[in-house]
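Each of the next two complexes has subunit A plus one more chain, namely subunit B in the first and subunit C in the second.
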Partner chain A sequence: MQDKTVSSSKAFDNLKKVGKSKGFSAFTAALLAILLGLIFGYLIMRIASPANSFLGFQMLLIGGFKRIGDVFYFATPILMTGLAVGFAFKMGLFNIGASGQYTMGMFFALYVGFMWKLPDSIHWIACILAGMVGGMLWGLIPGIFKAFLNVNEVITSIMFNYIGMYLVDMLIQGNAAMYISSKTRTAYLPASAQLPTLGIPHSSVNISIILSITLALILFIVLNKTTFGYELKATGFNKFASAYAGMNDKRNIILTMVIAGAMAGLGGAFAILAPSTIAGSSMTYEPVSVIAANGFNGIAVALLGNSNPIGIIFSAVFISHIQRGGTLASLYGYKPEIIDVVIAVIIYFSAFAMLMNSTVANLIKKRYSKKQSVKIPPADQKEGA
Partner chain B sequence: MDTFYYLIQNTLPIAIPLLLVALGGMFSERSGVINIALEGIMLVGAFFGCLFVYFVQSTSLDAQGILLLGMLVAAGAGFLYSLLLSLAAVTMKADQTITGTALNMLIPAAILLFSKMFFNSDGITTSKNFYIKEVPFLSEVPILGKLFFQNTYITVYIGILLLVLSAIVFYKTKFGLRLRACGEHPHAADSVGINVYFMRYAGVSLSGILGGIGGFFYAVGVMNGNTNGHTGVAGFGFLALAVMIFGQWKPFKILLAALFFAFLRTVAYSIALIPFLDTLNINQTFYKMLPYIATMVVLAFTSKKSRAPKAEGIPYDKGLR
Partner chain C sequence: MENYIIEMLNITKEFPGIIANDNITLRLKKGEIHALLGENGAGKSTLMSVLFGLYQPEKGEIKKNGKVVKINNPNDANDLGIGMVHQHFKLIDIFTVLENIILGVEPNKLGFLQKKQAREKVLKLSKQYGLEVNPDALIEKISVGMQQRVEILKMLYRENDILIFDEPTAVLTPQEIDELMEIMREFAREGKSILFITHKLNEIMAVADRCTVLRKGKYIGDVAIKDTTKEELSRMMVGRDVNFKVHKKTMELGDVVLLVENITVSSKIHKNNAVKNVSFNVRAGEIVCLAGIDGNGQTELVAALTGLENISNGSIILGGKNITKANIRTRSMSGISHIPEDRHKYGLVLDYSLEKNLVLQRYWQPEFQTFGFIKTKAVRSYADRLIKQYDVRSGQGPITPVRSMSGGNQQKAILAREIDKEHELIIAVQPTRGLDVGAIEYIHKQLVSRRDAGKAVLLVSLELEEVMNLSDRILVMYEGEIVGELDAKATTVQELGLYMSGAKRGTTKENENAG
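== the complex of A and B ==
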């Protein structure tokens, strides 16, 4: 009898260890937040038009599977901006400027795509690298402002979102080779600048999703297996302690922002260089003085993925999936904006889902221990005595 | 000289929303809660204020009366929305920046959803005119009359009144002192019997009220009484945060910062009227960037000395001493 309780409590302890590990609780917290967000979305659909709510909600949940290529295509940019936000988060920096870095990356990629004449095989690679440089530049400046001038990176990057947006619109509108003023859009990119497609019919999914996932894995290794990653996380936990331990926080801040900017810039390049499904055309950009939404969606992706590069891969695909589902739900008369509401609610709950999670876990634990004490009263009495 | 009058007359209705929202941010941050949700709160205020105007505009109510009532509606809406922030950030001890971002993301989507469902548009369009051609008697005063009492909105006077009220509450009352204590050293404040949670709720709620009013005043003074889910408040909530930092978390410095920024923005949008700048023939978009670049330059020079409230951004936990 005694032995049995010991072994069962050991198994319980092991279970508790898994349950208590940080990654696991972050995962369940994200699930809890998603669940609450989806329930909220269902309620809104229910209020908006009760008759179709079930079918509409079903479409929202599984509609993405019908457009699997599109899911991955739209997941690519937000995966990259998600990495941009999440990587900076690890250092304790809130990179709200992913939008500006994304826009700059897009512009640099477009510029090289239109203005440079390069051999077909390396043109698109040069475009991608140019996009990365553009994003780096727009991450570098807030990094310098933060490291040397003590300006809050949130303010700087918001300002640079606007500066970047206006700058890019101005430069594109002023360039006759890139901009067709009668269409108020950029011209079609030459085919050599477009990314190789993966060949899934009716979708623009291309090689960039593979590159993005690879980059996420690289960032995961950088964060967990290198000195720089260790320093970065240490600074995120306690910047005074890490400075005291001799870590060069100024250099680390700038480096982090540059890497984050590079990720967002690549996101912009991947989005604009994607091949179009219609032959002879390509993605185009319309300068309308609106801040790129993909930057802000990146914040959602990073938060839902708990800033972990691996988590961000899944959260980007998930968010893209329900976005596609939301677009398809319009077949039943629902507006696609419902997804943005659902995502915002998910983020809101994920901010304190960890806390809710532990409350729920405590409740379960209490019930479990109560049951145990009922089952084996003698052992308990002995312990009590 | 007429150009100068024109610029000032147009600067004030833009400066007032910035001023009010930055004051709201000040109350929130000085109580210890980073309020990045100001953008969303403004939009809530603008939306509900305009919705109210939309429903009463056909009645016989006087335009200025509608504006005042709309202001109260906007304040109430902003207050309720800010409770979502305090609930998460104070009671649930969640990350304040994340919660704020979520609230910012939620409201434009919700407005678009609502407007598309019920109005079949991207926002609310009202037809009431709140513009004041000239204030009787006062507009006759030389220079000052032209600067402050012609071609303006009542929002300017309400804004100044709220600034004075805020400064009195902030510096001259027990409440203000306690609020500031909670943003600097909440544990010390707690040890002398101040309820830190309550004070933080109060700080965030004040920012909700001021932010809601500021948003409605933006809709009235800048957007002619309209709200749109796509453009929202065009980053004014974020700009207000910059104004607040630029103003060093102090009411009257915030006023100066708001005026500075609003003036640059007005100049940017009225280049064609300023002969000197018009002849330079620089791309208009460049001037639109100017306010943001100027803010960066100013922040670069002032931030070394800048001192944010010490405890801002850290959820208060009684157990940590």
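== the complex of A and C ==
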């Protein structure tokens, strides 16, 4: 196609090369989305309270650096649910059920934490693994429905969000060892079930952030270096071609959903097993019939990270960073809801990210090719006649 | 100065990154049939879209009867008397013939349809030109040839006198093509002017008065048909000499490779069976062609053979092994190579690189993976070899995204993959669809070389020329059945056409005296 445009300018060549690199375009798209989101976020803060808007916005942007431990602590669960959504998305499955898988994982971890008496050194490991199993279970069922009955995974996994949440609330409220009804929350977990801390003062940041990043790297390798990843992405890109090549799509769908569920389940376990900064306490769960927000945040994290495990690491940390900054911005009189609005705006723009990216690329292409096509000499009309 | 009804002068139309029409001039005389010839992507459709008001050219002007006109949209074109039969018909399936004809110019009184006078006009036109239609039949119930008549009647109803036919013969049987040609001549005698877009040289030689040739967006020439030959036209179209004849050596027939017995495949579209009780075989060293008009069960039959679809009855035996119930991969490993009909939907993962597509059928073999990890280097060197051996051209070699490659090279990549894989039988479904003459030549050569290497080839094609040129034996499918088995050397296009339209059944020997 391009052979007709005489590419004379070197700058254009470079631009074209850069524009073609996939990683770069995804990265610019995310940056553009963030930038536009921030501008709109600032405008919203300006409208909400003009006097403090600059200082407030400054705090929103850099406040996270003052609580670096917390940034990573809060990034952990959304990193895991982000992986759960992004990994499934690579196969063309929209795993909206990360919340349910997250809740199930949390419950399984809690159950093992309270009910199993194990040596201190392996108790927390058993809790993590239990969480993983819980998430896998909640990914497996929609996966089976999708693979064998072709039931849309969006519908089943939304239903499983509710089923999981009510089931867990019911089971916890009915278990005297886990639930303190006077405080409407779970009891404190034994210290042996809590994850080893990373030792940053006044922060619950713990070993799970390292585990999460490791898992993201493993998923990256699975996706890009293995035959399973090859099949998974091929199915995501073109399920007809993958069927033509004889890939076992039923097995792959189930396996993908199980792995996605495992990630979200681990996220739930990591969240609830995190060590408390106050000695003798722990994280607790309140069974108040609300679907876990971390599951839905995972969708945003995956979108912003372009479903790439490495991208998801950064997008999770970024969203967590903005959230921490937002909490500090409340010192200037901003309500946490404003921060939620800003984050929502960023996510909203990330949905447009791909669109903006291609528009910009086309604009550049158009400008240059127009300039160049003028230089082409008129066709020789006698040729061949 | 001759009397031109339409002149398109120095038309230039650009799209981002490509100049689709580069300074093209086309002059149409009153009462002539003017062919517009060019390969895929030569800019024929763009030029016609400019004339029809769908695109605005950057440069150049359009004149009607010597006066400059501006065509901003299809309504303007209609007002100038320009009508078009599109390659893909623009008809509403659930409306009747009459309703489709009057669509957009409905005669009405205060908003109430006046169908009666419309019907009279349509019946009069249809009688006048021998375009028989039933005005009350639903479009979805009538044949493709009939639908085309409706499109033609649409133009006549609007009293257009400049008629554009965009690849009108692609969907017709030889007999229907002859009828269409006759109708076109009749129009020309009446003083209507016809623009006939095609890449089939025989049709141009048969019906056109003059021909404008385009190549890669450029104007190549404008010739009178009586002063030219098929070879010269093809040279103008392609830019070099083209070999139309495929050379095949005589082969000793080998063992039966594929044996299909009484298979029936149900249809996904309607309640009837798409393939009805079909039996045939393909032997080593021969090219068997499944001919027929599109939609007569060929697609479903191939899907059943390759395992993409289940059969409800019958058996499939490949090299003595029963594969009726085997899954796709087992069949592929047992020796079936499949060049699919829709290369974008089935044949390729467009977002994958070329090298990843080249191992699509083999990535799981020990040669390319250990413990589930893909051997990147092995894949790369395999891809390099195939690219070189089969001359697959691309921008960045093995890492080129397949989406950015040309159709011909995409098809070459599939061909390379399927031929290089161990196989006894190649099932090639319309392997040359949408390709230019050079690529067609190459793919034909490769298929013949497979036959000469003692493999079995099952070719499904809608192109009669391809069927006649390549095959040793022809099976004609009509409404899900094999209605004829013909010896390619002993039959003619006309006879083939009779079978394809369902007018004739049986084998060549049975019908020795007919046709």
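Quick note on the criterion: the second predicted complex is superposed on the first by the 345 of 385 C-alpha atoms of A that agree within 3 Å, B and C clash if a C-alpha of one lies under 4 Å from a C-alpha of the other, contacts with A are read in each partner's own complex, and residues count from 1 in each chain.
The definition used in the following text is that a residue touches a chain if its C-beta (ideal position, glycine included) is under 8 Å from a C-beta of that chain, and two chains touch if they have at least 3 such contacts.
Bear in mind the structure is a predicted one, so any value in this text is a computation, not a measurement.
By the touch criterion stated above, A:198 is placed in contact with neither subunit B nor subunit C.
In the superposition on chain A, A:245 contacts subunit C only, with no contact to subunit B.
Ranked by how many residues of subunit A each touches, subunit B and subunit C are led by B.
In the superposed pair of complexes, A:237 makes contact with subunit C only, with no contact to subunit B.
By the touch criterion defined above, A:151 lies against subunit B but remains apart from subunit C after alignment on the C-alpha atoms of chain A.
In the superposition on chain A, A:299 makes contact with subunit B only, while subunit C stays out of contact range.
In the overlay built on the shared chain, the residue A:228 is in contact with subunit C alone; subunit B does not reach it. Residues of subunit A that touch subunit B in their complex: 44, 48, 94, 96, 145, 149-152, 154-156, 158-163, 166-167, 169-170, 173-174, 289-291, 296, 299-300, 303, 335, 337-338, 340-341, 343-345, 347-348, 350-352, 355.
Touching subunit A in their complex are the following residues of subunit C: 14, 16-19, 22-23, 25, 213, 215-223, 235-236, 239, 306-308, 327-332, 338, 340, 345-352, 356, 360-361, 363-364, 369, 372-374, 376. Against subunit A, in their complex, subunit B makes its touches with residues 36, 84, 88, 92-95, 97-99, 101-103, 105-106, 108-110, 112-113, 116-117, 229-231, 235, 238, 241-242, 245, 283, 285-286, 288-289, 292-293, 295-296, 299-300, 303-304, 306, 308. On subunit A, the positions that touch subunit C within their shared complex are 1-2, 4-5, 225-228, 230, 233-234, 237-238, 240-247, 362, 365-366, 369-370, 373, 376, 378-379, 381-385.
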